[in-house]
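To start, the structure itself, in structure tokens.
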Amino acid sequence: MTRNEYVPFSSHVLQVTRHTAIEYTFRMEYSGELKPGQFFEVSLPKFGEAPISVSGIGDGTVDFTIRRVGRVTNEIFEKYAGENLLLRGPYGNGFDVEDYKGKELVIIAGGTGLSPVKGVVDYFSGHPDEVQGMTLLAGFKSPSDILFLEDFGRWKQTMDVILTVDFAEETDNSCQIGLVTEHIPQLKVKNKKEAAVIVVGPPVMMHFCAKGLLESTFSEENIWVSFERKMCCGIGKCGHCKIDDSYVCLDGPVFPYLKGKTLID
Amino acid sequence: MGYVLKTKDMDAILKKWGGDAIIFAPVRYAGQSEFSGQDSIRYGAVKSIGDIVFDEKSSFTFKEALLPLCETLFYFTENSVKEADGKEKSAIIFLRSCDLHALRVFDEIYLNSGPADYYYARLRENARFILMGCEKSFRNCFCVDMGTNISQNYDAYIKLDEGNVHVDNKFDGWTADFESAAQSSATVTPDYVTDTDVHVRIPENLSLDVMDSNMWTEYDTRCINCGRCNFSCPTCTCFTMQDIHYTDNGWAGERRRVHASCMVDGFTDVAGGASYRQGNGQRMRFKALHKVYDYKKRFGYHMCVGCGRCDDVCPEYISFSTIINKLEQGMEEVTVNDEK
Amino acid sequence: MDMNTKKLKKNAFRITKKRYLTASRVRVPGGHMNAELLAAVTKIAKEYGNGTVHITSRQGFEIPDIPFGDIPKVNELLQPLIEGLHINQQAKDGGYPSSGTRNITACIGNCVCPYACYDTTAFAKRVEGAIFPNDLHFKIALTGCPNDCAKVRMHDFGVIGMTLPQYDKGRCVNCEACVKACKKKSVEALKTVNFKVERNHAKCIGCGECVINCPTRAWTRSSEQYYRLTLMGRTGKKNPRLGEDFIKWVDEDSIVKIILNTYGYVKEYIDTSAPGGKEHIGYIIDRTGFAEYKKWAMKGVGLGSDAELRETIYWGGVDYT
């Protein structure tokens, strides 16, 4: 008998961390195989489902960093520790840390794009010896939009961190000002041809980052991207996330840039 | 095995089958087109051969029997989820050769690509398919060019001929029914067309580059993104989820899925307001290339089965076969541009 | 020259400004006819008129400049038109027996127009058959849908086609084409609730936009045919005004009956001293009061359960007096 992929299971909200006024991280009960970059369909009955990427993997837990942008996420914000959400997943390929081991790794994240890649950052932050060097270049709109601020301190101990905001009324020294793309030429990478780069963020940001990376002599074949699309099913049926011959939910959301650049909606 | 039956004996067989199956076939719905005084031919439950419309093309398709337009997946309360019961009766579906080829597309996506779809599998498992032949092609058909004019993978083939029913049966479960009711045995082979008035040519060199062609811009204004082409297409498989709550305060409700159209607004909307393919021309490009380009890239054969229903139903007289035939020039245009 | 103008007018000829010349008024109920019949119009115009034909505002033809003396010959030539259009006639070759009740006009209807909710010509012919010939001054028009291309609200009786939308929620995929069409093109009687559509029946005008725009046949038309009947619109020198709703969701038989009843009412109450014995019904109702008219109009009328009958009506319009 075919397994019913559509019926969700119930999971406890263990902890809620507030990053900004509209961005919270929900730590949920979950044990099972998981990769950073994978996603779950998170739902509240009567409000619907939304695909949410895994922003952290713990022992028996999974983190979802949710931006309050729609009907479902609005309601999820009413949920606090001790209550339940419905989940199904994980779906998608996720990031395979094996792809980056032994290399110089650059992770460029824009806004909530940091969520799907955060598991990779966490992993190498805990295993710095498994890469030849690591840089995190994270950009947000303004200082009040910065996510995972408490994690940045920890990450700084094991990697180069460039935290930048598009604009700020006042500057302190906690972050720089400017688009992430402006920092690409200054990346301290010994061997750009061989370095692995992950770019995650809004489509326009990913486009210009890739352009900047190629201009800085990074290699196309060493770049990975992650896509965000409407996904109703997560299992290649509903058709909303299909681009060309690829289903983002099945074949992605993580794509080698060489494939990703051909996926034009 | 082939048989000739009297219509009344075939009706008796249908009545027997009707005990544990719903028989879906094209039916005439009097006065139920969008315009007054006009009938609509679409799928419905039938009780006798006489209910079935053999001589006209339906404007909707068999797919509604396997993927209902609106299907409840499960019911929920705040703390529990209960899967929706399956149908008590299985489905026996009358369809044409093009439709049987479309069934392959449904099976490909719903059973073979990624995890299988539980609800589709449940309806598909015991479904039986009865082929209706085509003595001549209908307007807008281009099945021959898509290679879908012939089908062998039917459970039975049924043809009406002067009060008699000619049957070619391939399903063992029905053999006894036909054996006992048949007037005589006969060699029955399905009627199929070998030519159509409309022809299409899909260029060999077709690639995504064609999205930059100007051929799509006319559809920005001609197309009204109503989605009729998708809803009437036997190979359009997309759906959208909906959560329904029964009362304002309560938590009880159900999750449904409904057919979705890549031409209709909202298809690509992601939380936060972003969406892709805002223009109708690019939506048309997305749909067209899915039907005759990228599906094949993934699965090895074209999705479009050439039934021409999208042409039949378009209120703006946009012809899909014409779009296919424009692709060649579209490719020439973008190739020339590249060379510049 | 001696000519009984009363008789001439009743025979559907006009007293024109050109002395001794008349014009023949050809009625075409429902405004639709076999094209071959046009030959008769052409022949009359060429042989007895000045070779021109006026297409009238009431969907008929007026063939001008016919000498009085040719009237009998013209009446003979009108015979194929009268027969071809199934006009009630007492004496063959005598032309039209009456002209007071005007041609029943209609928009093109559902034989052609996608918006029309019924066959306007067929209904117009039914009304014509029921009321013609009649000398009383009645103006009746039929239109296929609430767009009212036939401007029926400027008539004594206006008939507007309606369909009662039937909703199969199992076929609805919430594309909102109906909701958008109803909002933009009609009265915003539809709204989405729980991914399905709710129709506000009180607001709905039965235009059928939801049905026309539905891509899945979730909306279909009712098998019963419904109409909106409007009353006593008029043009003229005293108090032109638009017709007001009398019955919404009314059936065809009731409409025919109400019109016939109105003839009885007018015969009872018409001002016999009115010039030419001609008085618009609306002015009679203004005099007797609406309640008295309604009593007459509804005699023996058995409305369907869907029908919504107006208790009373007040007309507005421009008052020149």
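Brief remarks on what is shown
Per-chain residue numbering starts at 1, and chain names A, B and C are given in the order in which the chains are listed.
In the analysis below, a residue touches a chain if its C-beta (ideal position, glycine included) is under 8 Å from a C-beta of that chain, and two chains touch if they have at least 3 such contacts.
Bear in mind the structure is a predicted one, so any value in this text is a computation, not a measurement.
Distance from the centre of chain C peaks at A, each centre being the average of the chain's Cα atoms. Ranked by how close its mean Cα position lies to the mean of all protein Cα atoms, the top chain is B. Chain B and chain C have Cα centroids lying 45 Å from one another.
We define each chain's centre as the mean of its Cα atoms; on that basis chain A and chain B are separated by 38 Å. Mean C-alpha position of chain A lies 68 Å from that of chain C.
Touching two or more other chains at once are residues 240, 242, 244-245, 260 of chain B. Across the complex, chain B meets chain C through its residues 29-32, 34-37, 40, 42, 60, 68-70, 226-228, 231, 240, 242, 244-245, 256, 258-261, 264. For chain B in complex with chain A, the residues that touch the partner chain are 73-74, 76-79, 81, 83, 109-110, 113-119, 121-122, 208, 211, 237-245, 251, 253, 255, 257, 260, 262, 267-274, 276-277, 286, 289-290, 294-295, 297-298. Put simply, chain A touches chain B in their complex at residues 2-8, 10, 43, 45-50, 67, 69-70, 72-73, 84, 86, 202-203, 228-230, 232-233, 235-240, 242, 244-247, 249-250, 262, 264-265.
In the complex of the two chains, the chain C residues touching chain B come out as 110-111, 114, 116-119, 161, 163, 169-175, 177, 194-195, 208, 211-218, 220-221, 223.
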